[in-house]
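Think of it as A, B and C in the order they're written, each chain with its own count starting at 1.
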Amino acid sequence: MQVSFSAAEITAITAARAQRGGTSETIRGIAALTDAAPGDLSFLGNAKYKAEVALSRASIVLLPADFAGEPDPGQLYLLVDNPSVALARVCARLEQRLWPTPAPGIHASAVIGDGVRIARTATVGPLCVVEAGAEIGERVHLQTHVFVGRHAVIGEDSWLMPGAIVMAECKLGRRVRLHPGVVIGSDGFGYELVQGRHEKVPQIGLVLLGDDVEIGANTTLDRARFGCTVVGEGTKIDNLVQIGHNVRVGRHCILCAQVGISGSTVLGDYVVLGGKAGLAGHIKLGKGSKVGGGAAVTADVPAGGFVNGSPAIPYLLERRIAVLRQRLPDLFRRVDSLEVQLRDEKRLSPGQPGPKMPAP
Amino acid sequence: MQVSFSAAEITAITAARAQRGGTSETIRGIAALTDAAPGDLSFLGNAKYKAEVALSRASIVLLPADFAGEPDPGQLYLLVDNPSVALARVCARLEQRLWPTPAPGIHASAVIGDGVRIARTATVGPLCVVEAGAEIGERVHLQTHVFVGRHAVIGEDSWLMPGAIVMAECKLGRRVRLHPGVVIGSDGFGYELVQGRHEKVPQIGLVLLGDDVEIGANTTLDRARFGCTVVGEGTKIDNLVQIGHNVRVGRHCILCAQVGISGSTVLGDYVVLGGKAGLAGHIKLGKGSKVGGGAAVTADVPAGGFVNGSPAIPYLLERRIAVLRQRLPDLFRRVDSLEVQLRDEKRLSPGQPGPKMPAP
Amino acid sequence: MQVSFSAAEITAITAARAQRGGTSETIRGIAALTDAAPGDLSFLGNAKYKAEVALSRASIVLLPADFAGEPDPGQLYLLVDNPSVALARVCARLEQRLWPTPAPGIHASAVIGDGVRIARTATVGPLCVVEAGAEIGERVHLQTHVFVGRHAVIGEDSWLMPGAIVMAECKLGRRVRLHPGVVIGSDGFGYELVQGRHEKVPQIGLVLLGDDVEIGANTTLDRARFGCTVVGEGTKIDNLVQIGHNVRVGRHCILCAQVGISGSTVLGDYVVLGGKAGLAGHIKLGKGSKVGGGAAVTADVPAGGFVNGSPAIPYLLERRIAVLRQRLPDLFRRVDSLEVQLRDEKRLSPGQPGPKMPAP
């Protein structure tokens, strides 16, 4: 992708509060502090990398307002409220070039069922299938190879990337983004063992995604047994996550990659699940609770709670136990030594009987 | 989805043994006991929710035959052998509306290779590809964007949902269901390190799925190095599961989401693997054995065994150790205290030499 | 698949150094030692199965040069440098039949954007989409339902299997293999919490795959926030793996199934990650380091290091601790016993004060 910004443009986009030094370079790329070369824009996103600023060869560096150092000659420091947010604003400009707004219309190769309602401003790309009775809102973009099942509803300004699949009856809010290969509305996993065979429990509910939900590549959300599997407004889900039937995820949650949530579990708003965390079924995680990466949560977590480990327990306790666990070899040695000492003592003072101890 | 059943219809479908009370409501939805409103059908699927029955506003509640309570006015209790199975029968009626039987035929946009045999009663939906020499059985439904590779065989009454992929030579039994994005027959993961480079070990075997196998969204099953990767009749596999090359899964097994099975491992019939369980390669799990969620199984499990933990050990032992692990901080304190006591004792009785103890 | 080789053909393909016995059977299949029947080729790939050779009914067995036993009548032993490599050579012949080289050309159902460059020797299969400005190299095979986004580049001799997705701007080296459902270049997972809402951090970088990279089914690689997510030459990645934004994987690494790597983590060359291993973000794994299956790596690993467990620690230490952990019930009993003994001692010698001990 071609990038080209003048120093003045970067200053304007980032709404810089102050500046030090100056550069005549055209910004042609963005890079981390130590990777940057002249012509690059860089930024201090995390105070722990502060020492790298002075070493950076970036032509422009976005810095927090209280940053103390001085730029090299030909280098521009821009002082901003939040360097990460400022950088994001520059990147948002570039994003428009990476993902230009598609022209509205239905590609000739798309297959559209009976009674489908597609807004005039929507784009249905090549080789998409929209089944009978589905509704596609204003400015929706079905990119390519997208499937929208019978009577499904896609809210306005949503973007379904290549190979995204929305099964029948499921409903997406506005500004939803589905990354490639996402599956919304596969059957929940439910069977009854009858005479030695697993009889399928029909899964006739649906999946409901709130506004501004974003879902990562190849993530799967199962439809409810009945009723709804729900993901609340503003929640962001990473790649390869599995969400079971009848799960209810609150608003503004963060679910990192490879998380798995078993059926009927309920998450409050602002819950954060670390990567690979697994949640048992039929439990509740309170508002704002957090789960560490890889944790196995088998019981309710109170609002604001932070758990980790397998099975998950309060985070600080888990951390302490994890440290003690690593000292187990030492603990076994210490207990060995205590036993030897007690035995030796008894040998040395034979007048005292040694209760429960075998003869040395 | 429009739902509309009279009380008499529900009574008939569920084959109720007895009833208490009555309702004139039309059933328009299905909901859990505490979520239900008038017009809803509900059920007691798990005795632990018994207390919720009296609180439920559902118009009809399916209950076990020995249930003791009385309905509210305008409420109907139906006593059945198994409320979950009875509900499933109602849902099965609705499922037919959700997933109506497609009309047989090959969609004009499908791409069919040479020498393909497609049964007259089969449906090949939009944008499917069936490569040369493949066989599609009676009443098979390839929904949309399905790929069936060269010489693959799809058994009668199977349903391959959008984006399901069956690579060359693989064979599916009858009534197999592949959910969206399933991949059958990707290469097994095998390399030989030769002069610093990983040379590919060709994977020329296939995948064989028995009758009534159901496989969840985006799950992957690798083809064998040679011979077959096998999943036995009636086995159900959840979403995002990985099955390595030459694995043999028995009949009527249950594999929950995000399970991973390394190459050449063998599962007997009726094995149950909890979510996220991982199995090492070249091991055997005996008939009816169970693995807890997230467990890492590194050795054989005997028939009927139940293991958990990482590495997995017998379930009850793991549970006990998990509890003791949480008491490690206390154990370290106790050992500290024992050491102090022994040291103090020695100080108080200086006539006794303190073997192996440093001077206090 | 039809297999048919004479003993002479097998001898030639495997470049056998010596032979014992002989067979007139035509080789019609390949099987493990104990599964093999007359007409099968088998091999001793692992010395631990040595005893199975004498029991095998295979018509031809590939054996290491120093193997001592004698074949049964009608059975041929071929002595080779490396039986696994020799077998791979036979399988490579069969692989050509399983995956014949496709005829060059663009299928009529493929959708090709403006300004796309497709080499004359490339094959663009049915229902593929190649967006504007993309480049498809010599002898590339886009099988079916493949998506190649705007300005993406696919290096020569690469093979993208059904449903593989390469998002805009991403670049693949030569001889890259993407298995079905792979997603290259989905957005990295980055948000800033601003006034209670997760604002998206634009992900405008790309993904760069080196030569000879192979990636398993439904694996996902996120594009960089800016700059590149990189996978080095010759690295092999299994199914359902997640690679976060700005990760750099070295050359000739092995990443087993369901691995997850968080953002900005760096792997040196020849790193091996066991199945289901999870790596925290912003850490470094040195050249040739190894991570055990299911391990959770939260800190740097030195070159040549081998870690395991959760959180991961040096492999041998983890192994020792895992054993001691299983002896926790015994350790608690021993400490109970020590406490009882000390208490009893004090009772027996009342002249000594029992510091810090409660009265018995």
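Rule of thumb we're sticking to: contacts are C-beta pairs under 8 Å (C-beta built on N, C-alpha and C of every residue); 3 or more make two chains touch, one makes a residue touch a chain.
Every value quoted in this text rests on a predicted model; they were computed, and no experiment measured them.
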| item | value |
| --- | --- |
| Numbering shared by both copies at the subunit C-subunit B contact, with half separating same from different | different |
| For subunit A placed onto subunit C, the superposition rotation in degrees, Cα atoms, nearest 5 | 120 |
| Centroid spacing, where centroids are CA-atom means, of subunit B and subunit C in whole angstrom | 24 |
| Residues of subunit B whose C-beta touches two or more other chains | 109, 127, 145, 163, 181, 218, 240, 258, 276, 310, 325, 331, 335, 338, 342 |
| Residues of subunit A touching subunit B in the complex | 109, 111, 127, 129, 145, 147, 149, 151, 163, 165, 167-169, 181, 183, 186-187, 189, 191-192, 194, 196-204, 206, 218, 220, 222, 225-227, 240, 242, 244, 258, 260, 262, 276, 278, 280, 296, 310-311, 313, 317, 320-321, 324-325, 327, 331, 334-335, 337-338, 340-342, 344-345, 348-349 |
| Touching residues on subunit C, where the partner in the complex is subunit B | 1, 29-32, 35, 82, 84-85, 88, 91-92, 94-95, 98-99, 107, 109, 125-127, 144-145, 161-163, 179-181, 212, 214, 216-218, 234, 236, 238-240, 252, 254, 256-258, 275-276, 293-294, 310, 322, 325-326, 328-329, 331-332, 335, 338-339, 342, 352-357 |
